[in-house]
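Note that subunit A is present in both complexes that follow, paired respectively with subunit B and with subunit C.
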Partner chain A sequence: MITSILFLILAAAAIGCAIAMVAQRNPLYSAISLIGVFISLSCLYVLLAAPFIAAVQVIVYAGAIMVLVVFVIMLLNVEEEVRRPIRLHYLIPTAVALAAVLIAEVAFLIYSVETSPYVPLSPVGTTADSNVGLTASIGTGLFTKYLLPFEITSVLILMAIVGAITLARRIAVPPGAGVVPGSQVLPMERVDPRRKGDATEVEANTTGEAARIFDLNKPTPSRAGD
Partner chain B sequence: MLNLDNPLVFAGIKFLGIFVAFNAVLMIVAYTVLAERRVLAFIQGRVGPNRVGYGGVLQPFADLLKFIFKEEIVPDKSTKFIYILAPIIAITSALMTIVVYPFGPRVVIPFTDISFEMVVTRFDVALLYVLAVTSVGVYGITLAGWSSNSKYSLMGGLRSAAQLISYELSLGLSLVGVILISGSLDLATIVEQQGNRWGFGDGLNIILQPLSWNIFLQPLGFLIYLISAIAETNRVPFDLPEAETELVAGFHTEYSALKFALFFMAEYVNMFTVSMLAATLFLGGWQGPGVAQLPILGVFWFLGKVIFFLFFYIWLRGTLPRFRFDQLMNFGWKFLLPVAILNIILTATLAFFGVFQF
Partner chain C sequence: MVPLSWYLILSAVLFTIGAAGVLLKRNAISMFMCIELMLNAVNLTFVAFSSYFRDVTGQLFVFIVMTVAAAEAAVGLGIIIAIFRNRESLDVDEASVLKF
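Right, the complex of A and B next:
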């Protein structure tokens, strides 16, 4: 009884946060709603007798991945969405039709599960021998039966780390290059053999003052190849 | 007498336990603030606040009244919902961790036969739960820094959040050594296993009982944990994000009155939490000489150890200068994290060769 009530509350919280995430204009509110979804899912995992997955869900998803997303939103200062007039009017009936198809599928699934002659075992957690969700059994399975996926996942994560470090690497600027302060020297400029090495070739987001100082407003630059 | 199978009775007892623990933590935190001001004053050669009450013991209540009656300011261009949500996240995640710490062994109330364990709740993944809730606490600081719409707050908040997520890694990894020794993630089990290893604590060896604590099996892990914990709670020498001379007041610059009080309390509750975790995992929790004979003594041993760690924090604050931010990040990623991994490898190797069989 209590588990049913808790399930309803947590499911409502998860769905509410998910709808809020999609419907919000402010991107930071969307990120916070997504954190709410993850925490509700973590509580649902606890109801399903998987405490390890619940804790790891919070640590990895809500505690690491969403922190990264929140950092990006803050540092890039993503703007609020502006209400635009609807251009593609045919999308609304299509969306309604597809949603109806999805609901029909889910209803069919629930109906066939409820009316099937299969009797499930007693719920997980009430039998004394069931320890599927505990840490020891997950560890045992991970290092014996599922060892190959585990190692491949490690290599995948390593690839992601190496890729991130490579993309964010800063190239050392040689002395004498006219780089506008505040611009970012992209790697493409370093590998282009036709590069002449003066300030005008660098793609930069300059402030007005820096542009004036380095005479970037003229169509033909006056500092070419001195 | 108390039918624990009835879910309502069970819930009622747990709520009572949570209520008692919550009040105890808040009182201890309030007096930690006072203790910090007094001890810091003595280190610096002056006397702290000693006017309110005898020796200043009513000072926390005076501070509370001041915080309640101050004017609530909300900056004009800030995002109001997140501005109010941030201290709530900070204090909630700070207080949620206290339910898993064992304060004492199983005690029996005299003249009845009710016995209960002095821990609010006991479940299998308690240590992971503590790490998970600490991870969520980062949002309080990040959102506070951003929603105040002020450059000091934003820089302080982002720096503080970057520091927190960097030192969370070595914090978690330093605890893996203890988990390898104990074979369990449950804090109460880890404390029970530090009872009498190798016979320390029995009979004439009762005074040598501290030698069976985990700190003697994991000295490197303890040092890594201590440094990471000090960085996690934004204390000196890692407190650049909130140092007064650097960034005004960091992420809580624009907060006033009760919301600032919540952040302030959240920092001290975090300090209390990591002290409790250090006492539980490395110093034997409620174990100590004489606990096997008189169980209620365990509560005093636990409180003594936690108070020692709090004093150690205050001592560091009065003694050490602070790290520069890039020195801090270098130290966390390039030194502390490899040393924590080295500790895991060493402990795992020793555990494989059966050194930790008791």
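Right, the complex of A and C next:
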């Protein structure tokens, strides 16, 4: 009984924070709402007798990932989203009809599952007959049966480290090298491939800016034929 | 005792809100956060099944999903910073052409 009440409170908190996250137009407010969703889900994991996952949820999601997101929002000084006029008016009735079909499908699924004869399952915490969810059992599974996915995950993290460093650094690219986004030295032939032989280099943030510095009075050449 | 279907319904609702957010939002960081919400909805399903079926595999996969989400956060935010440096804007409609 108390579990059901707790579940309803936490589920309402999670759904409310999620709707607030989508409804907010300031990214910082939606980040804080998302932290609310994470905390509610962490409490639900405790309700499901998964203390390790609950702790990791708070540490990794609410701690590491959201700090990174909030840091980027603060760093970039993101402005509020402007509300735009709806362009495709004729799609609104279609969307309502498709949503009604989807909700009807889900309702039918829930009804048929609820009315079918089945053995009711109980969560782990109510009977205390297993160690599922404890840190020891998760560690045992991770290092015995699922060792290969674990090792692949470590390779994935290495790739993420290298990728993040590659994306974030600013370098001067030599002619012919791949262009890394950000401030870079652009040789003349990259800005306008039709002008050869001019070895001038400028420092610019975008190709268009380089074209302005080179005083090319036409728009940036389309490279669609490449 | 909470039936398993309640957890599945909550997870479906959260996933739907996240998917709607990805479609509705125009800000790259907001879309990123909606993707995180969808990943969390799936995690809730994993943990619920793991708890009700007494099988630890679901929680192992939650662990791996969290790792992937952390890697995605690092790379995704790096890409967002690179886009912002190039265009002074996070609007995904303005970044529809990858090259310039």
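By our rule, the second predicted complex is superposed on the first by the 162 of 226 C-alpha atoms of A that agree within 3 Å, B and C clash if a C-alpha of one lies under 4 Å from a C-alpha of the other, contacts with A are read in each partner's own complex, and residues count from 1 in each chain.
Convention: contacts are C-beta pairs under 8 Å (C-beta built on N, C-alpha and C of every residue); 3 or more make two chains touch, one makes a residue touch a chain.
Since this is a predicted model, take the numbers as computed values, not measurements.
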Which of subunit B and subunit C A:14 touches, first, second, both or neither: second
A:62 touches, of subunit B and subunit C: first, second, both or neither? first
Touching partner for A:52 - first (subunit B), second (subunit C), both, neither: both
Chain touching more of subunit A, residue-wise (subunit B, subunit C): C
First (subunit B), second (subunit C), both or neither touched by A:94: neither
Touching partner for A:2 - first (subunit B), second (subunit C), both, neither: first
First, second, both or neither for A:167, with subunit B first and subunit C second: second
Touching partner for A:75 - first (subunit B), second (subunit C), both, neither: both
Subunit B/subunit C common contact set on subunit A: 52, 56, 64, 75
Complex contact set, residues of subunit A against subunit B: 2, 26, 28-29, 32, 35, 39, 42, 51-52, 54-56, 58-59, 62-64, 67, 70-71, 74-75, 134-135
Subunit B residues within the subunit A interface of the complex: 7, 79, 81-82, 85, 123-125, 128-129, 131-133, 135-136, 138-139, 142-143, 146, 154, 158, 161, 165, 168, 185
Sites on subunit C touched by subunit A in the complex: 1-7, 9-10, 12-14, 17-18, 20-21, 24-27, 29-30, 32-34, 36-37, 40, 43-44, 47-48, 50-57, 59-60, 62-64, 66-75, 77-87, 90, 99-100
Contact set on subunit A toward subunit C in their complex: 3-4, 7, 11, 14-15, 18-19, 21-22, 27, 30-31, 34, 37-38, 41, 44-45, 47-50, 52-53, 56-57, 60-61, 64-65, 68-69, 72-73, 75-76, 78, 81, 84, 106, 110, 113-114, 120-126, 129-130, 132-133, 137-138, 141-142, 146, 149-150, 153, 156-157, 159-161, 163-164, 167-168, 180-183, 205-208, 220, 223
